[in-house]
Amino acid sequence: MLSFESDYIIGAHERVLEALIRTNNEVLSGYGNDIHTKNAENLIKKACGTPESEVFFLTGGTQANAVVISTMLRNFEGVISAKTGHIALHEVGAIEYTGHKVIELDGIEGKLPTKNLVSYLETFYGDENNAMMVRPAMVYISHPTEYGTLYSKDELCELRKICDKYGMKLFLDGARLGYGLMSRETDVTLHDIATLCDVFYIGGTKVGALCGEAVVFAKGETPAFFRSQTKQHGAMLAKGRLLGVQFEALFEDGLYFEISKNAIDRAEELKELFNSRGYEFFLNSPTNQQFIILTNEQMESIGSKCRFGFWERLDENRCVVRFATSFATTKEDIETLSRII
Amino acid sequence: MLSFESDYIIGAHERVLEALIRTNNEVLSGYGNDIHTKNAENLIKKACGTPESEVFFLTGGTQANAVVISTMLRNFEGVISAKTGHIALHEVGAIEYTGHKVIELDGIEGKLPTKNLVSYLETFYGDENNAMMVRPAMVYISHPTEYGTLYSKDELCELRKICDKYGMKLFLDGARLGYGLMSRETDVTLHDIATLCDVFYIGGTKVGALCGEAVVFAKGETPAFFRSQTKQHGAMLAKGRLLGVQFEALFEDGLYFEISKNAIDRAEELKELFNSRGYEFFLNSPTNQQFIILTNEQMESIGSKCRFGFWERLDENRCVVRFATSFATTKEDIETLSRII
Amino acid sequence: MLSFESDYIIGAHERVLEALIRTNNEVLSGYGNDIHTKNAENLIKKACGTPESEVFFLTGGTQANAVVISTMLRNFEGVISAKTGHIALHEVGAIEYTGHKVIELDGIEGKLPTKNLVSYLETFYGDENNAMMVRPAMVYISHPTEYGTLYSKDELCELRKICDKYGMKLFLDGARLGYGLMSRETDVTLHDIATLCDVFYIGGTKVGALCGEAVVFAKGETPAFFRSQTKQHGAMLAKGRLLGVQFEALFEDGLYFEISKNAIDRAEELKELFNSRGYEFFLNSPTNQQFIILTNEQMESIGSKCRFGFWERLDENRCVVRFATSFATTKEDIETLSRII
Amino acid sequence: MLSFESDYIIGAHERVLEALIRTNNEVLSGYGNDIHTKNAENLIKKACGTPESEVFFLTGGTQANAVVISTMLRNFEGVISAKTGHIALHEVGAIEYTGHKVIELDGIEGKLPTKNLVSYLETFYGDENNAMMVRPAMVYISHPTEYGTLYSKDELCELRKICDKYGMKLFLDGARLGYGLMSRETDVTLHDIATLCDVFYIGGTKVGALCGEAVVFAKGETPAFFRSQTKQHGAMLAKGRLLGVQFEALFEDGLYFEISKNAIDRAEELKELFNSRGYEFFLNSPTNQQFIILTNEQMESIGSKCRFGFWERLDENRCVVRFATSFATTKEDIETLSRII
């Protein structure tokens, strides 16, 4: 059945798969000490334009969030996130499991408004009892957010300034980074992100890989014994090549960007299609996740021919659903959809 | 200088101190295996009217919260609290340090409204993705709250029903429980609390003891090897007698209630005094903590003669401050205050 | 260069890779909710001969150890292991990171002697102060061990009896389980393991997969909300199919056993070869890891033509090294080696 | 009944109690922000002869161990201890609960032999796979040890050198420090300890206080936001005065040393007594804990008239028991004992 359920319903992009096949019989050292992993690191640093960066590969987004945050914070420090942030809502408390509070602030359409951030920080630093409170030491943002929205370059610069002022790290969860970078409405480049963030990751799982996220310590300030710490988290693969080879394929010849663009092009067509048929959008998303309001009847009739993600019930009669395109969505998929809705 | 800064500015109530003096040279076993501790346990069970309860003594409130919550929750479970709850705001993330999320809901004047609780739970259980979320397994309330307010018996019953419906434990932080029980505006008895909660504690530190909180597992459902677990938390005193003797003194002859009443009587006089002089209250508190709005000028002039607690800035011109009475506040203190404000 | 460095130097077995290729474009739900994963679970239960078992897939051994142990133990409980056990020595304290003590006992050639286990338990339960000690609640063994050795069926039965007597779980780390099962010197079957252990895992990473371990809760006593808990550990893959498809391939038509046998056959040839040339073995291993004593000169001359693992220095003149065969080792590899040593 | 069960069977020393009585009605700020606490800090720094030191008060030994170790170690670091060390054996895994491994080495009579320490470290640093292991970052010793034994100044200097060489902190658990300092067989002064250790604590609970340990960061290298971190551990008392007043009393006029000397004098008399009656000692302890071997018959006959601590069974016929003197033991107690044994 046609499916826009998520951006992880297909295996790997064919060129990623080919790389795995091609290198399968090479004899390589374990734990990421292989030439493909080294090459992938270098390709990513080059793509970022920040040679001082250090790159590490982990298998998934929640793992990346937990490892990055817990290795960068001290015991008494917490991370600030929008309430809808993945770490706040959809990781079964993986951050708290490592001992750290996620300080939740109200967001808007998935984004953390600088106004709310500043207001929180001013209250915290103005409170003479703040020695009894978790100290904010990191700001977590996702880009694209869980609602498909994006920060502008100005907004990222503003967040950077606030982090500098209050001695905090800026961490960008890029589980869907490719789709953000190739959005038609963004002015943010990968270089911008590598320059503005302390740490971020480039999502592979949702952008063409079988699994894998590339964590970039942008300024080279990698936590001490970081590889040992990934092992401690159960996050180190014996066959590290699995991640290295895939990211090598994704960052050779710009494949990552090319296939991200495909998702965006299809998403724009999907948007146009729903728009032209008079559907209402829950919010305006410039990336590969589109949130559309369906009546119960539409849910049923479309749902019988095409899978999509349920998001939330709006009222008795209507729901918000998500249609996600991906590196693998084809023009034919959109055409098929046009005959369904 | 006259001080209403908090309810822990004086040592112990004299009868508590006398008990320590009287028993000081008794040869007693350690770790709470002494007759005074046993006696204190029995006196508390009697006061609660729930012989099936089990009682344990810990040294302070944050310790009690962390030990109780972390021993009652499973790894993937969280505790619901009002945003202003002590565990959410003023314990440096002690709960998260044990690996558990504090699920923060909007409160009103320190209380957790059942409406917000139900709304959260319905959303959680209505969400088909809730396997990715921390499971709510306990409701934390403070009584009196951090703002001196109290739940009515009806409200506690309502919370109990919700907890039963959703399979959650009800935990009441009674760091200032005596002041709540002796409030002139409450319909809640100690027996009600022991009947309605799964676990709660009777605060000693702020009600006549040098230190100590009596944790009551009301239905006798004490976590396995609870004493071992208190040791693991560094919460077991070698000279457990220190806590047993104090609570024995507090619950023999109703001293706990008598001295709590003193704080309430003084608080009512203080309220009347501020009222009669035309001061504005931030909210109506029926217990020993009174939150009053002072102008900057009043802050300065009163502050030069009397200590009080700073709460928060309201606007450029005005602040909220806290005046707390306690077991040790005298009629003379109020009279002195009447000459100051 | 010829390499016997480890059993994870090659990618996947070709039939595993083919399965990934064949299923790559199938549209499948995420998080392991796909038909291949379900099928793999069933194939494994069938291979175990224990339909009541429940199977889950994780990406690596350290992760499997940490997730299994931390979800099965209560806060105050610890896991017993030989000092040389992987969890005790080579996982950067991953178990302690989850809050649990690894109780280390002296082992012999990687195995945990029942004598040492019983002696420890009798001391523990004979100590009237054991409420101050971590309670032993699980026995961890690896099979094959880190030294390639195996437990006999009698030994496993004995461990089971001890666990039953003392109310402990028996957990078998089978990172190299296939090589143990196909050893020429074992009397232990997969069914035995599934019958005798509470939980164990069938290693894929070192036996033909790119990554992946199949955790089997043999008696169906899976920890509550186990999938949520894997998410909390950052151990859930969005594209769970990656693991499901691989294990489906490994357990269809007995591939797992067939390729494990290959490693054993090659290991026996390798043993014979070293034996025939007069090399001394550090211990007698019946599985794919062979520990051989080399002089410094041999280290250098062999090392220039063939990679192997360094284990430990024995004395000034001699070292212990490891030669590991795997699913991918060929007869030609052994022949090449015969011309080197 | 006469009791040598432990050194925490009596309340406080009378002068400590008097200080609590005398200051009870003083109005003081909470959380250790009071003049007595400040004064106690200064008195201790003076006694140490290290003005750069920083002093904090906690309530008990396990708490002090857990707070100190977990705030000084990074996630991937562990603490080395003799197997018999309190943190290794008798704290229900309190250190592991904070996420850190206790690296246990064989000890001798409670002490950690430098030989074993060096051997472990050389193996660790000689192992090219040590990135997979917990990094040793602290050495924990108790002084007196759990067996009453003491390190010589030379041994402490040697430990310091090893710690310096390998970049480790030296932490001395002084739960019974007074009894060590006043031993007739020691050449170690408080100043030596303050000069040689990075951190240590001066035990109050077992030396005259109702509760309390004075943690000394000897070189002033206190962990960041240490007070916040004690709060996070539930280790901060609202009425911090309870600890400050007691330690003020203990370190004014050298009370701590005077009463420690009493315990030593009584212990020497006790030793002589047992010696003169032909009893066998389990080991030679120069401090207040004496370990004596009793036959089953002696156990029973003495046990019916005098309490002592059971240590371990030696063989079918004999046990090791502990007789502990303390600040409160009198000459009369020894005389009574002489009529019993």
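Letters A, B, C and D name the chains as they come in the text, with residue numbers starting at 1 for each one.
Quick note on the criterion: contacts are C-beta pairs under 8 Å (C-beta built on N, C-alpha and C of every residue); 3 or more make two chains touch, one makes a residue touch a chain.
The structure displayed is predicted, hence computed values, not measured ones.
Novice: From the centre of chain D, which other chain's Cα mean sits the farthest off?
Specialist: Computed centres place A farthest from chain D.
Novice: Count the touching C-beta pairs: is A-D or A-B ahead?
Specialist: When the contacts at A-D and A-B are counted, A-B has more.
Novice: With chain centres taken as the means of their Cα atoms, state the distance from chain B to chain D in Å.
Specialist: A distance of 33 Å separates the two centres.
Novice: What whole-number Å value describes the gap between the mean CA coordinates of chain A and chain D?
Specialist: 50
Novice: Taking each chain's centre as its mean C-alpha position, how far apart are chain A and chain B in Å?
Specialist: 42
Novice: For chain C, jot down the residues that touch at least 2 other chains.
Specialist: As it turns out, chain C has residues touching two or more other chains at 75-76, 91-93, 97, 99, 131-132, 228-229, 231-232.
Novice: Using the touch definition from the top, list the residues of chain B that touch chain D in their complex.
Specialist: 1, 3, 5-6, 8-12, 14, 17, 20-21, 23-30, 59-67, 91-94, 97, 205-206, 210-211, 228-229, 231-239, 241-242, 328
Novice: Quick check on the complex: what are the chain D residues that touch chain C?
Specialist: 75-76, 78, 89-93, 96-102, 104, 126-129, 131-134, 310, 312-313
Novice: For chain B, which residues count as touching chain C in their complex?
Specialist: Within the complex, chain B contacts chain C at residues 70-71, 74-76, 99, 131-132, 135, 224-225, 227-229, 231-232.
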